[in-house]
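Shared between the two complexes below is chain A, which has chain B as its partner in the first and chain C in the second.
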Partner chain A sequence: MISSRKKKYIPAIGIPALLIFLSILPFFVTDYIVSLLLDILTWVALTESWIILSGFTGYISLGHSAFFGIGAYVMAISWMSLPYPLIILISATSSMALAFAIGFPVLRVRGPYFVILTLGLSEFAKYIFINYEVNVKGTVGRILLGVPPIKTLYFSLLVIAFFTILCAYLIQRSRFGYGLFSIREDEDAAESLGIDTGIFKWLAFGISAFFPGAVGSVMALRRTYIDPYSVFDPIVSFQIIVMAFLGGMGKLHGPVLGACILTLISEFLWARYPHYYMIILGVVLVVIVKYLPSGILEIVGKLETAIRFLRTRMGCIF
Partner chain B sequence: MHFLECRKVTKHFGGLTALMEVNLHVNEGEIVGLIGANGAGKTTLFNLISGVYPPSSGAIRFDGQDISGLKTHDICRKGLVRTFQIVKPFGNMTVLENVIVGELFGVHRDKTLVKAREDAIKTLEFTGLYEKRDTLGKELTIADRKRLEVARSLATNPRLLLLDEVLAGLTSTETAEAMKLLKKIRDEMGLTIFMVEHVMKAVMGLSDRIIVLHNGEKIAEGTAEEVAENPVVIEAYLGEKIKT
Partner chain C sequence: MDYGRILQIIFTGCITGGLYALVAVGLNLIYGTMRLLNIAHGEVIMVGAYIAYWCFTLYGVNPFLSLLLSGLVTSFLGLIICKIIFLPMIQTGKSEETIQSNSLLLFFAISIILTNVATLLWSADIRGYSYMTKVVQISTVPVMLNRLSAFLVALVVSIITYLLIQKTMLGKAIRALIQERTAAKLVGINSNRLYLFSFVIAFGIAGLSGALLSMIYEISPFMGMPYTITAFVVIVLGGLGNIMGSLIGGFIFGLVETIGISVTSPGLQSIISYGIFIAVILIRPKGIFGRGL
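Up next is the complex of A and B:
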């Protein structure tokens, strides 16, 4: 709950300032830094879009890799034949359309069954594309030629990440958001209070799938070579979950924080200790999950309490 | 025509018959108590009326409309809401937010968030939870959770309230408080209440009429005194007399 007026002004000035900063930044740094920022934006957009379904309703989905892959394939198939922004839009829409199509049966199951079913669906999507490549096209993957410069991709992802966060923010503050939170807390109670839980979950599933489609589309151009194994990689789904948990799922800036931190840690470890990278990353994650089960935001919360405590103490003294 | 009417309602779960051709009705403005031993079918009946599952046969009518087979959320929108025996507060939401959900999605569905919030505060004042509005659902005591369950249901602006054991597990002071609230709901809001209750003092004291279920069948119906003296009821509760 926002209590003081001051707190309302911080995002009002801070967010435009951050956006302007991120728009100017690429012109002053090396391509390596731009590609690192691009990676961060990718994961921010993916994690935040995942939050719209899984954070808000509590339905943990492993289906994001499928939506990412669909987006990448739409780009691979239509690259050079349609304008670039239009392809991104088509990718996002196709991925959302797929989610709406499979959403009704999928969302009838709850809990662990839902998790397994979404994992199965993304594997299913992968094998459909493998089959399509091998048996229909007689190929293994696609090479994309004449891709736009990295700055273009960076700005595309900046826009996508911005709209993902905006969408999540607007939903969080809406009537729809209240409905989704009630489903997370207790679906039967939500239903008994007049919420059509089926429709709500279905809409959240579809909206949540829109953004990974767009991200996958841009990332196909970034990778320049795609095949079903790499774009339908279930690791994408797992990494999203790790980031969301790392940052804390309760608030919208949690996942953003998680995505930034994990991308930076992996990049740093990968550059310095390529042989031990996965081992160290694993240890870091175990430590965080063990000691900060509600995510890194917990530290911020604890600091705030400490400061407030100190302030009241100081107030007594002076 | 009655406000709520169940006609020959039957429910089978596999080979088990939970309810057998139950006929009953509730008139507008009444408080009707539903009693019976464990396993008599009280909660099953509530689940059928509130649309958790459809009846195997028979019809349920609310305010002249057939509601058997409708979904729970549709039934709620028609003005029939239930509470749960095992309370289900939204644990990570504040008391106020819990009630706002009821205001937003109940009978009046075109409310803005601001209006819903105002109405929720009124509901909290009415139910005596206003002081605890910023407490999280999971931090409430059992008595307050039950109270929140009622407040959240009232927030949907129902005309008929199904209360599933809202007094169970309370201390005698808390029971008295809760009974006061139920009387207030009837007297000031004019709601019809259909309640399952084990606390006999409360059922006897509050209900205009009592219906007794036993092994899935309705065995008696009448005022508190009539039911208490009914030999069939006494037999169901205490067992048959030993024949000598």
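Up next is the complex of A and C:
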């Protein structure tokens, strides 16, 4: 009884405490740590937003890089002409608008077809932007000057990541969320029970596209130079999936954990073995999928069961 | 547009299409039998291309000979990957969705590893070599000899694959596995052995087509992704799991792409290809022959 009540209080105190900790942390650490935290927040936001569609409904999307890229381009085009927070909002909204515009026909496609289609769509978007740059503007990429300091970017991403997680959490708890889960379990059955699966998927797709737009627009300022190849990189989509799977998609803290772990591993490898970094990353990925197919949380879950077992057995000691 | 130009477009389209068909067959074989989407397919092609490049520039070996070596090396790669990674995963008896999503990750990891090993070995530069660049005239159409001969080899390999799938007992077993997996296992088809077999064949054909492509196009460690996408387009056109469909789909895609480029501009090639792809998947996701899985 006590433990369950305790569990209820942990998030109520822990989350605000963590937020306060993360907001004052940048003033005490070096810029390197801040940029590392910024990377983690980026991936947390991207992965958690991906979960809203792909984790909840089981429609594995490789289209997140397109939304990321569009966010980045909106920022690149309107930087200096509009206030900074407004641009982020516009970027996010335009990503969402695009998702809503293409959502209905795209989400009619199921299973592996959906996976390939979203990959194709994001590559299509990439080439349209490449064509726009080369043939219309006569340029390759864009340089952003006078970007805000890294702490500002950090706080923007902290806010974005927080709202992404909040949004995913609220959806997960709502009737809407249950509808999405039912699509994952059995779409036809869900439809026959009166769930308008079309609208549900469409909404989830749009909401899930909102956040990568915002992240992309902040990341354009972080990188200071963008071109279609780098911001529409399909690796972004793949990395999101890797993180989500790594952490396990069953719970909301899984992807957060996955994003943290993979970013830290990459950073560690990148600093020490720059030439072998990607190869090692690939091998790590194979090992994880092969031996931990349900994600890192599986170990945590097993440990919890073991501890609970020990406690009931030796209740007097603990 | 005059007659000669039309003939030229059709010729180029067919040659590109023949190569596309070969590129796509391997992907379709693995998808058909195992329901796994091999997103590392293009990287296997890349490995084959580099082997042929190496043989040619270091030892002066004729690419038509080294394509056999490319095929052997990549099919060996397929054997190892399938034995170590995929067969154990399939045998765990997890649900189909779990296996599908996990395999997507595994293939992604394999593609990262291959790309980066290639970058280490051969640097990230774009390379190429010229071989048989003589131009021959077929009636009124001038064709580069290397393209023509690559096309002919692709055609031969495709026909062999066709005969293998359509005429032999092994091919029958594979088709049975593609059509109805559970029933195929029930009547005593050794699915694990066939999985291994289709992996080896698919990787082998991919390596071989890589060697052919290296004669015509430039190669780089990052050339894989566009070919993976092309292969996806082709097998979606022909229907996932439909081996014959993907051979025909390759020709159709090659033709449509060439026509599209010739009426617009070469710079738009990627947009046209992806556009066709998206249109097909949205309008006819079961492929143009309507007999997908």
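Here, the second predicted complex is superposed on the first by the 312 of 318 C-alpha atoms of A that agree within 3 Å, B and C clash if a C-alpha of one lies under 4 Å from a C-alpha of the other, contacts with A are read in each partner's own complex, and residues count from 1 in each chain.
Operating definition for what follows: a contact is a pair of C-beta atoms (placed from the backbone, for glycine too) under 8 Å apart; a residue touches a chain by one contact, two chains touch by 3 or more.
This is a predicted model, so every value here is computed, not measured.
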For the overlay on chain A, clash or fit between chain B and chain C? fit
Would you sort A:Ile195 into first (chain B), second (chain C), both or neither based on which partner it touches? first
Could you look at A:Tyr127 and tell me whether it touches chain B, chain C, both or neither (first, second, both, neither)? second
Could you look at A:Pro234 and tell me whether it touches chain B, chain C, both or neither (first, second, both, neither)? second
Measure off the angle at the C-alpha centre of chain A toward the C-alpha centres of chain B and chain C in the combined model, and quote it in steps of 10°. 80
Report for A:Pro105: first if it touches chain B alone, second if chain C alone, otherwise both or neither. second
Does the superposition put A:Glu185 against chain B (first), chain C (second), both, or neither? first
Touch count on chain A, higher of chain B and chain C: C
For A:Val115, select first, second, both or neither according to whether it touches chain B, chain C, the two together, or no partner. second
Shortest CA-CA distance in Å separating chain B from chain C in the superposed model: 11
Intersected contact list for chain A, partners chain B and chain C none
Chain A-touching residues of chain C, taken from the complex the two chains share: 31, 35, 37, 85, 88-89, 94, 97-98, 100-102, 104-106, 108-110, 112-113, 115-117, 120, 225, 229, 232-233, 236, 240, 267-268, 270-271, 274-275, 277-278, 281-282, 285
Spell out the part of chain A that touches chain B in their complex, as residue ranges. 1, 173-175, 178-179, 181-182, 184-186, 188-197, 250
Which residues of chain A touch chain C in the complex? 58, 60, 105-106, 108-109, 112-113, 115-117, 119-121, 123-124, 127-128, 130-131, 134-135, 234, 238, 241-242, 245, 275-276, 278-279, 281-283, 285-286, 289-290, 293
Which part of chain B faces chain A closely enough to touch in the complex? 50, 52, 71-73, 76-77, 81-82, 84, 88-94, 97, 100-102, 104-107, 109, 113, 116, 134, 137, 152-153, 155-156
